[in-house]
Amino acid sequence: MTICTVVGHVWATKKENSLSGLKLMVVREERGGRKTVSEYVAADLVGAGIGERVLVVSGSTARRASGGDERMVDSAIVGIIDSLEVDREHASR
Amino acid sequence: MTICTVVGHVWATKKENSLSGLKLMVVREERGGRKTVSEYVAADLVGAGIGERVLVVSGSTARRASGGDERMVDSAIVGIIDSLEVDREHASR
Amino acid sequence: MTICTVVGHVWATKKENSLSGLKLMVVREERGGRKTVSEYVAADLVGAGIGERVLVVSGSTARRASGGDERMVDSAIVGIIDSLEVDREHASR
Amino acid sequence: MTICTVVGHVWATKKENSLSGLKLMVVREERGGRKTVSEYVAADLVGAGIGERVLVVSGSTARRASGGDERMVDSAIVGIIDSLEVDREHASR
Amino acid sequence: MTICTVVGHVWATKKENSLSGLKLMVVREERGGRKTVSEYVAADLVGAGIGERVLVVSGSTARRASGGDERMVDSAIVGIIDSLEVDREHASR
């Protein structure tokens, strides 16, 4: 799961049927520090709001999490992060 | 799902049978800003046109979206973006 | 499998049901040297502690390792590394 | 699908059984311009030759395209590109 | 499949059960030239030795190659490269 911040919404009227009813949000991922920031779209499964830090799953796991193999989703928000504790001795940089 | 812009078409006469009848388009993805722009080919499932911003799914989800597990596709356009609202306070960079 | 160091914990009260009961840890991966370091979250399946080097699997393999296809996990710690022997003649740099 | 150029062949006598009989070719991918060029090996399913531009699929789609779930392939050439038309107004960089 | 060099071994006493009996090796991949070198761990299915160039598969294909869907592996060595012939006219750089 990647750690992302919810930064926006996206609307698409013309879309594959199985996406109807899903809330699609723009998330920003910082996997490798500022240089490799990326923004993409994830289906929100937990009621996340703008500015919240969330856990995002990808690939076939996101499809399954979104309601079964018929949902054409490859990225989904599956948790809202309450707290994150990183040991800077080991993660320093 | 990634946010892409449709930038072109690709034609292939000699191809795996299951690709017949699919409209193959070149999409440009900007996941991490200009430095990591990438262009690749996606099957268009929603009637997208050149210059439109679209949602693209990858991997096994794209294969399923394209008509079942027998379609040899790993990238597909599943939505045309009407509007995209990003909160610059949280996404600033 | 990627070689990671466990660097932290993450807590999420509001989450997809299938994540309940899983210990979620922050891992740091160094696939390509210092420049491409990335931190993300993995379900701990082997009782790993902060500072330990671990083996992490991704994608559908992580979901299966975490207890079956119903677990919405895409990254999991599956081993604690006792020792790692790299031949510097071949891996030099 | 990614756009690649076929640049070579690879031979492996000692290999997993299911790879027997497959033509393995080295392809060069240019997803993000010159800086992120990568070369890897794909099973050729369409009779591609050195220097030709081709469409390459990855992951479980490549395995299925190569003759079913028992083929241990994760990258396959599924089409030979006849022509590629990219709108430079939208793809300019 | 990616082209890697075997550069080491890894030992893990405490691990997910399905990894028992697998030989785990450290491989170095050079997909995009020296700048994007990465090292990770793959299950060796063909008796590879340190210094040999090998073909490595990833994802669900690696899991299947390693003995079925119950093996918690996402990277596997499936061939030892005898020779690799790359046309420098097309692959120059």
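First chain written, first letter: the chains are A, B, C, D and E, and each begins at residue 1.
In this text, a residue touches a chain if its C-beta (ideal position, glycine included) is under 8 Å from a C-beta of that chain, and two chains touch if they have at least 3 such contacts.
This one's a predicted model, so the numbers in the text were calculated from it and none came from an experiment.
S.K.: Using the touch definition from the top, list the chains contacting both chain B and chain E.
M.R.: D
S.K.: Quick check: superposing chain B onto chain D on C-alpha atoms, how many degrees is the rotation, to the nearest 5?
M.R.: Fitting chain B to chain D on C-alpha atoms yields 70 degrees.
S.K.: Averaged over CA atoms, how far is the centre of chain C from the centre of chain D? Could you give it in whole Å?
M.R.: Whole-Å distance between the two chain centres: 30.
S.K.: For chain C, jot down the residues that touch at least 2 other chains.
M.R.: Expected reply: 36, 59-60, 62.
S.K.: In what order do you meet the chains if you trace the ring from chain A in the direction of chain B?
M.R.: Following the ring from chain A in the direction of chain B gives A, B, D, E, C.
S.K.: Could you please specify the touching residues of chain C with respect to chain E in the complex?
M.R.: 1-3, 31-33, 36, 45-47, 55, 57-62, 64-65, 76, 78-87, 89-91, 93
S.K.: Enumerate the contact residues on chain A facing chain B in the complex.
M.R.: Residues of chain A touching chain B: 5-16, 18-19, 24, 26, 28, 34, 36-42, 50-51, 59-60, 62-63, 69-70, 72-75.
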